[in-house]
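For reference, the structure discussed in these notes is given below.
Labels A, B and C are assigned to the chains in the order they are written; within every chain, residues are numbered from 1.
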């Protein structure tokens, strides 16, 4: 009896361990697979050229990734400019000012926002943001555009990263000890001054980690941005230009890539680029967040 | 610092035919994250009596209790050296089977932790995993054990209700009954009454005193009065060492060490 | 005292900005759902959710998107079941079988955190490459594998969070009854059962909404897949394709399809919410 139970236990242990190894090996498979498929491209071009060349003409054998890198960067930058201030202010409000009732109402709503699939954000962008830019915002600056722009991508993306930013920032702000706030308040500081000078300073690493995570989410977002960005492979010079982020490049061209030499390798290289950057960003911010959490618990 | 050898009492001689003590600790040392938590513990716990481990907080008394059923294994950064013999079997031997050892020792934790199931299933859980499937047998075990802890009359009509609905005092008695249902030889109590009201505390204390005729009981407590009320022997742990081990009255009324005396008087807490 | 006045004024202004930001952030949710509701409702019909696309559907002729709805449910359903079967034991292993403070546990959890952040387009690209390598065509199978891999980290992380809320004493008392780790794991599952359903729903929500992963691996089809190696339509892809059509009628159907997806997601969210409040009630 005891023996069968121990055997069952051992089997359960071993099989979960195998599942763990298989699941973790996905990281390695992705890394190696993408590198392996990118090799043909590396053999013909040097990496620096690929990253700085701005001519994307696969038919002519020219693979310049700069327009896509700039597309990704500019969309992400616009998104951050919008969502960073909004999220930091909202998080402070939620943790320092809001009543519990309000918190219990707002935080679940933020979770709903997180649950909305990217394609719906895309639909919203196409239905609302793009026309708004075309007929109201761009004319305001004297520009005429279809609305499918870096700005549209940035706005849609900023809303998509609200949830991840706010949920992490709220967690981080919660770890600030109440004594610290009390000390500042009892010195006669207003709540806002306390927030500015004590809380934000103390929470800086955590907030940066949240922003870095949000950036990596923004880098990888594919379909919603693809739907509103215009997808023109030129380096954007204004937020009213169309842009072409890296994920969109992969998604748009996968079907036809087989017939053109090196095309598949080039797309795999862009996936590798995304993977490496996002892996690095995630690693950094998770380490910061884990450390904060450890400090808080200990 | 060595503990006293086992103190011979008539009681142990009469009640237990086995002269060998249930629990014997030899040269036990415990390091946690490099800190020496327990130092050279040598101890034989008297059978069929209640031994209380007392001492200031952080002295290592709970650690000592957890080494007895190897729950210490779960602690971060722990290193154990030395031996603990349970019925003559070294539970820290490299090939020791922990599951089997733990079954022999019922644990009554600080707060009651009913399993997430009904009252009936809480009691039946242990016997079931150890192979009792017969419905009649299980019914009998549940009834006996609940009667044992004086809970039967209170819950017999709602055995299929969730155990979390019981009051906290009832929950702790249920946990005791659950532990007894796997037929342990030893009961380990880790400040088992600290979450309870005075009346429930008394009920548990009375139960333990009653149970000692069949079990060897080791309690960790920070309440001196409780140690005095229930225990036959007292171990005083200080700074990871056993400073004193003897009969309750001896340790409390006539301690050999100045530190013990101060603790008993309430100078150290 | 003027100084104090300006400081208090600043406090007021700051608070006003914070409230405004909070409203914008929360409001964006209602704004998105509102927009989709407003645009989609007029096009929503019974036909849409009960019929397969008929010839010329994408030119504005008759039919519905049942293929996409069912395709999505198949795909997300199977992938979620697989991710649960794989993810729950992993989370239990990391918390019960090995010490949570061990290097293996810590690094594994870090890896799952990172895997969680890897975008689905990367999973899709790798999945596609592997399928090409083995000669598998775009199919339900390819999509299921990709989406399963995508959702495993969600399940592991959520269940891990849940287990961490269970006091260690539950493990100790169960072990003290002579239980093996496997038996402890079963007690833990009982204890966090409502939470596990939450994890499953979260994973399902992510699985059913994903586009980038299925775009490259699942293909698209007007028919219901009869076998696992046939291409299948998914709801988000159907939305995407219809939206890029120049015909207004088809675009309208994209809005309606978006509305259907919104409904599914909202149902999932509400169920999750109910279950997680249940979890709190059973807390010790």
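Keep this in mind: a contact is a pair of C-beta atoms (placed from the backbone, for glycine too) under 8 Å apart; a residue touches a chain by one contact, two chains touch by 3 or more.
All figures in this text were calculated on a predicted structure; none of them were measured in a lab.
Taken pairwise by the contact criterion, the protein chains are fully connected, each one touching every other.
Closest to the protein's overall CA centre, chain by chain, comes C.
The interface with the greater number of C-beta contacts, when A-B is set against B-C, is B-C. In whole angstrom, the spacing between the mean C-alpha positions of subunit A and subunit C is 16. Separating the CA-averaged centres of subunit A and subunit B is a span of 53 Å.
Per-chain Cα centroids separate subunit B from subunit C by 47 Å. Within subunit A, the positions touching two or more other chains are listed as 5-6, 9.
Touching of two or more other chains is recorded for residues 180, 183 of subunit C. In subunit B, 99-100, 129-130 are the positions where the chain touches two or more neighbouring chains simultaneously. Those residues of subunit B whose C-beta lies close enough to touch subunit C in the complex are 69, 71, 74, 76-77, 99-100, 102-107, 109-111, 113-117, 125-126, 129-130, 164, 175, 178-179, 182, 188. Against subunit B, the residues of subunit A that register as touching in their complex are 1-2, 5-6, 9. Every residue of subunit B that touches subunit A in the complex is listed here, in rising order: 97, 99-100, 129-131. The touching residues of subunit C, counted against subunit B in their complex, run 99-101, 167-180, 183, 187, 190-191, 193, 282, 284.
Across the complex, subunit A meets subunit C through its residues 5-6, 8-9, 12-13, 15-17, 19-20, 22-24, 26-27, 29-30, 33-34, 37, 85-87, 89-90, 92-94, 97-98, 106, 108-113, 115-124, 126-128, 159, 162, 166, 190-193, 195, 213, 216-217, 219-223, 227, 247, 250-251, 254, 267-268, 271, 274-275, 278-279, 281-283, 286-287, 290.
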